[in-house]
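Reviewing the structure listed below.
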Amino acid sequence: MSRIGVFVCHCGENISRTVDVEQVASAAGEIPGVAYACDYKYMCSDPGQNLLKKAVAEHKLDGVVVAACSPRMHEKTFRKAASAAGLNPYLCDMANIREHCSWVHEDKKLATAKASDIVKLMVERVKKGKSLAPITVPVTKRALVIGGGIAGIQAALDIADAGHQVVLVEREPSIGGHMAQLSETFPTLDCSQCIMTPKMVDVANHPNITLHTYSEIEKVEGYIGNFQVTLKHKARSVDESKCTGCGICMTKCPKKKIPNEFDQGHGLRTAIYVPFPQAVPNTPVIDRENCTMFQSGKCGVCAKVCGPGAVDYQQEDRFSVEAVGAVVVATGFKLYSIDRKPEGSPIQGYGEFGYGAIPDVIDGMTFERLASASGPTGGKILRPSDGKEPKQVVFIQCVGSRAREKGISYCSKVCCMYTAKHTMLYHHKVHDGQAYVFFMDARTPGKGYDEFWRRAVEEEEAVYIRGMVSRLYQKGEKIVVMGSDIQVGVQVEIEADLVVLATAVQAQDGADLLAQKLGISYDKYNFYSEAHAKLKPVECATAGIYLAGACQGPKDIPDTVSQASAAAAKVMTLFSKDQLERDPVVAKVNEKYCVGCLACKKVCPYGAVEEKEIRDRQGNLVKVVAYVNPGVCGGCGTCQATCPSKSVELDGYTDEQIMAMIESL
Amino acid sequence: MNAKANKNQSSCIEPSYYQAVTQAIRTQAVQVLKDGTVAGVVGYLPGRRKGTARPALITTPEEAEKLIFSPACVNNLSVYLTKSKKGVLKQGRIGIVAKGCDMRALAGLMGESQIKREDLFIIAVDCAGVYGSRAERSESVTEANIARKCHECTVHHPEGADFVAGAATELSGLTPLEAEEMARIEALPQAERWAFWKEHFSRCIRCMACRQVCPFCYCEQCLCDKNRPQAVENSPRPAGNTAWHIVRAMHLAGRCGGCAECERVCPMDIPLNLLNRRMAKELKELYDYEAGLAPAEKGPLNQYKEDDDQSFIK
Amino acid sequence: MHAEAKQHDFEPKIVAFVCTWCTYAGADLAGTSRMQYPANVRVLKFPCTGRIDPVFILRAFQKGADGVLVSGCHPGDCHYMAGNFHARRRFAAFRALLDFVGVDLHRLQFSWVSAAEGGKWVEVVTELTERVRAMGPMLEFKSLEHEEQWSAFQAMADVPGVVNTPELKEAYDKI
Amino acid sequence: MTPGKKRLNYSYYPGCSLHASGREYDISTRALFKALNVGLKEVPDWFCCGATPAHNVDELLSLSLCAKNLSLAEQVEGDLAVACAACFSRLKTTQHHLKEDEEKRKQVETAIAGPAALDKPVKHILEILAREFGLSKLEESVKKPLMGLKVASYYGCLLTRPPEVPELDDCEDPSIMEDILRALGAEPVKWSHRMECCGANFTLSRPGVVLKLSNAILESARLAGADCIMVACPLCHGNLDIRQKEIKDAYGAPDSTLFGNIFGSELQQGAPKDQRDLPVFYITQLAALAMGVPSGNLGFESVITDPKPLLREKQLL
Amino acid sequence: MKNKLMHLSNETMNVGFVKKVEALSGSSVRRCFQCGKCSAGCPMSAFMEHPPNRIVRLLQLGQGQRVLAGRSIWYCASCETCTTRCPNKVDLAAIMDALRKLSWDADGPSKESYVQLANRLFIENIRTYGRQYELRLGAAFNMKSGQFLKDLMLGPKLISKGKLKMFHSKNKNIGEIEAIFKRIEEMRKKGEAL
């Protein structure tokens, strides 16, 4: 027989005004298993809590029900008091007779009856309750950062500066990401490379950071505090330990006319190359598809000229396993392409803009490279088709973005600002040129952003035209832009020399595949989902995995850096303890009865359920059952409601407790 | 031989068809046993009485020569594959004779990790229908004696098997008895529906034959046998009976392949398949899901879409 | 309906299964806002609607509930991301089943009540209480509790196809 | 009036309207100032300020005319008191612009062949009454409080807009007229159209515009329960008073009014449309009346919408 | 004209005209971000084919000719509401003044002759008499606009009320007014003023 104590609070007059607390207490005393019941003016006060502690000791109580306010108010208070009296805190529950009773009913008789019922429900619940102990999980204080753009770099540096080891993985041959491609950055117009490259060098030199470029995530196992990540190191064909970065291989490579991806295909590179001069690491990689040696077996010039003998045509993909406790995902974005999309693609291209076939219709990133001093034109704005300086440049915003029927309904967030920046850069470089911008809204909610945009309009004399462009077509050397000015209410036609499209920001190719490896969720656009849009913006629903930058959704540099530092802070919080402690409201599997149908695994929002093999002493497989990783379980209990044989049970909300409550109705 | 044949030619299957199927099964079973593909074959042997059949696990080619397939082969053999039913799988790869409706159970069990496809050698039957309960076991199958479930069978031609015995039978023009019955119940006023089921459930003697024969009732401990807590009263009284059948229908929702074995074995003639079919219909309408057409990663109640119907929620 | 409701000669028993994050908090808000609603409802708190087993609803009816309310977070608001989505399908199916066996669905209400919707909680509870009050007590499951198996035997005596032999009848009658 | 304190003295620019269609404004202003023992000396040989038409098409002309008037006003001692809101606005605008724009100031000085008197303080009589004479003194001076008179005080456009020019009161929520009314014992009503445009000088070229805009103002005043309207501008007075009957003729049908349009048929079916005559007073007429100046000296005979019945009803005559 | 396709290029955008407007009004048109507040509060919006915001928009696109072709500028009441409430301190009332002056100087392609006529007569009155002579102004307007019966009933009433004087005396210093007009004309001739 249980020995439950019931404490009925008056809450001043908040409860006693409409509930006869004495009657509730005396009725509670009659419930089988209740060893002690009383009422008191203020249970949450010190004397009230002492009353509880004293009663636990005197009456040898094995469970406590405090009938007072909402547990959301004082559950912690009373569980602490119960704990101090030597009781397991999870055997202390609250009966909510204030918010759910005295405050919402006027009839004293009905309210008293209801309060007694609520107490009875909670007594039954506590009677069937179990002592629970907080769950501890060991933590490996080593972080993995996926993606070497500004987000990954910032997160890696922050975590490394805090004294923890960081493994930074980048799939391209160099870190730097999109930010390294930019010319100037809004709203201050400082040179992107000037602020980016020092950070890249910091990464390379940081004693706590292990950098793996030209590498990808192959497999992720484990859970918060204890991940095992398999990395695939793609064959670089150059031995990083031997290469000195002298670059002679590149100057001698006979294959020199390969479009350079870093310059959006507008500059040229060799087959053995670094993507850009400030690359980190400054170790070349051989593009095997374009290398004469790999294609025909006849060349080998780079190996011959390489002093240290670093070129290795035989190199193969290599795999390594890293043990980490936390993962920061910072895989960034790609830009929408207006090209014709394959049949069946949910996203359409822009036929009305020529599906990318008009050479002088370029995207914003290409304009960045044209404007960049290190770009293919040395920073001169020259149009791709004939290298002439364009005098009339039309910028078109929201290409792909906010176009539901093109498959993308969201706002890409950065285009308004970078287009304003482009008009400024253009005006600075081509004084007699005129920039026009077709736009729907100017979205500039950032510090100094609207002022920046207004500067483009008012001082740099960009002509902004509210309205969209219907069609682009080539007419001789010109591109005819058919648009409208909805403020005037007329059609507008401009014969442009160059058209720059602010194309949408999209999730990286393969973002969904990486998410599946990591076990994190993503939205229909393949952007990664945060655990809570407002309150957990950098956490994934999967514990121990954090998000930084545009992989979660379009973001500009300041927001990306903020989120990266926030993710790093979350990692450091996790690493601040040797053991991870969690609320023990988690599901447990009864392995004796589990038949391994794994319905629980299918419904678990946290990916906390794994398969577990039960073997006999000889090692023969007896059966496969479900196993709930307590470090990962969020405690929703969906598994238990789904399990046909109720072989999985949520601590704190067991079927026994709930049924006992229903029985007492 | 044709004396009792139904006028409707399409629903009268000649015994010779079953003989052909029987022969194909035997040949195939002998072969896979001989070449060691399987350790055994779960199939049908003739029953002691004429016109009956019994399930059997055979392990030798000699026994395989005795396998049959006839309208009396009503049993869903997939039930023998799960552990709780003293499954035979631990003996290695197993051959199994399966009608289309049985195949749906196999697919469901695969989706629920109870069996693996590679552990099975499926000898499917292009089934021409089996006898209904209490039907007169004439030599041919007619509308008069064919099982009710066969009236609306959509899976005569099994897919995804290792071998198919028989070919291209057509069952058409049969009255959809179960659909009509379901429509009739649905059209009843709510109080009469309750009365209908109350009468049926009250007769239940809790023999648990329905559970025993169901391929999906493979739990090692049934919820209804649990007593801490006791969610469903387990003595044969109307309250517990009603709870049991509702819980069972709920647990089978989205899983049941419609083999109707529960209804066949029920000694009290409770129309159990009616419940299962009703749930199947609902899930098809709501989520466009049909159980067991192929092994599915997730059942309709183990997944969701953000825009699922919620018109019933305030 | 209103005229009957005012008499209050029947106080229905309403059981509410709610999630702790949204609806329980919404009911708290109704309290802190001092809104008024019928005292008939008894609230059982769950972490999430995803935890709510149809068996609980069945059991509540068996144990004398005249009406049952299941309420959780709006889609997209679930603290556990997807618990309410799973619950939504589960209860859609369960409703259909109960309807088919002849339970009046007016006694079973589902709702999304967020932590900010104290008013909606009051509205939902009041509406269900008054509706059920007008319908009268739920007798179906309650009467089953008091019935023995064989009591239905006579009613089935004439139904063809049902096992019904004189021997059986005699045996039953002896009991 | 108060011994020991220096008597207030002003130079006075009446403007064209006050010598013609707005003569009762001039008459009452002079009568009021006399009653308050405040000196008022008219600037000799003043010219038209150019009003709206001049700045509409020729800003330089407009500025020059005003600058000329300001330099004429220099001859008379005392701050320049102006009663007409349009003249006041033009004179203040001229000072404001020329102080800010050196080049324009030079052009204007060339045009008038002399310096522009940019520092001659220009005061509207509202601010003279409320601030320089003072509200409390004004209240003390009242002999016949305007008890029970519900007045809609109408500011119009130019008394407050644009804020940096007249510097008279808050440009969106002024209170100077209401303050004066309270000092006089009247009851200012709250209403919505205090600062809407009456159509101003379109009265000549496009009277239809005036009818529409002024109608909205009158409707609003009636809806607020006003007995009358008080103005401080002869143009506004002209539009609201002289054209009041025309407006009624044009917008008399219930659903053709501003409020009829808003409330639709509800209003039609309700009480009959409020068609009360709203007498339009100049601020100085009401103030002088309160100071006990005989009504015969306030030019009421020149007003089109007869105010006498109202004044009699309120026992102010 | 109003809905005609607009070709935009350095050639079709008349930036010189816009600069003139900006110089005369002392207000930038580029500052405007087209929030529409001016048109929202304008008592005359309903009478205009280009509401105030669209006039600024057309100026931003260098389309002065489209503005002057319409009658909107002549419907501005100079109530200053737009200027007072503009979030960007665009002095729209001053821009309107500037546009009217430019239209006036070009002898108005605008069709709004009544307002122009009234203005012309008003200024003529000043030049002739030094002050307004309202009876003459009204009579002359009716004569010249051909609306002989306009306000027919109002005139005698106003005369009887003493609001319209039958006779008007000239200022003694009327010569000074003429001198001002002359000097301004001279400055403009020399290009010393706009």
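Order as written gives the chain letters A, B, C, D and E; numbering starts at 1 within each chain.
We adopt the following convention: a residue touches a chain if its C-beta (ideal position, glycine included) is under 8 Å from a C-beta of that chain, and two chains touch if they have at least 3 such contacts.
In this text the structure is predicted, and so the values were computed from the model without any measurement.
Common neighbours of subunit D and subunit E under the contact rule above are absent.
Excluding subunit A leaves the other chains in the touching groups B, C | D, E. The mean-CA centres of subunit B and subunit D are about 96 angstrom from one another, to the nearest whole unit. Subunit B and subunit E, compared by their mean Cα positions, are separated by 91 Å. Chain centres here are Cα averages; for subunit A and subunit E they lie 60 Å apart.
Spacing of subunit A relative to subunit B, judged by their CA centroids, is 46 angstrom. Shared interface positions of subunit C, i.e. residues touching 2 or more other chains, are given as 59, 82, 86, 90. With touch defined as above, subunit D holds no residue shared between interfaces to two or more other chains. Shared interface positions of subunit B, i.e. residues touching 2 or more other chains, are given as 223, 231, 301-303.
You'll find the chains touch as A-B, A-C, A-E, B-C, D-E. Subunit E makes touch with subunit D in their complex at residues 24, 26, 43-44, 47, 75, 77-81, 83-84, 91, 93, 97-98, 100-101, 104, 114-119, 122-123, 125-126, 130-132, 134, 137-138, 141, 145, 150-151, 154, 157-158, 161-165, 171-173, 176-177, 179-181, 183-184, 187, 192-194. Interface residues of subunit A facing subunit C in the complex, by the touch rule stated above, are 70-72, 96, 98-101, 103-107, 110-111, 113-114, 117-118, 121, 521, 531, 541, 585, 603, 605-606, 634-638, 640-642, 650, 652-653, 655, 658-659, 661-663, 665.
Contacts from subunit B toward subunit A in the complex involve residues 82-84, 112-114, 218-223, 226, 228-231, 251, 297-299, 301-303. Those residues of subunit B whose C-beta lies close enough to touch subunit C in the complex are 185-186, 188, 190-199, 202-205, 223, 231-232, 236-239, 241-243, 246-247, 249-250, 253-254, 267-269, 275, 278-279, 282-283, 286-287, 300-306, 308-310, 312-314. Per the touch definition, subunit D reaches subunit E in the complex via residues 16-17, 19-23, 45-48, 50-61, 64-65, 68, 101, 107, 110-113, 157-158, 160-163, 171-172, 196-197, 199-202, 204-207, 209, 213, 242, 301-304.
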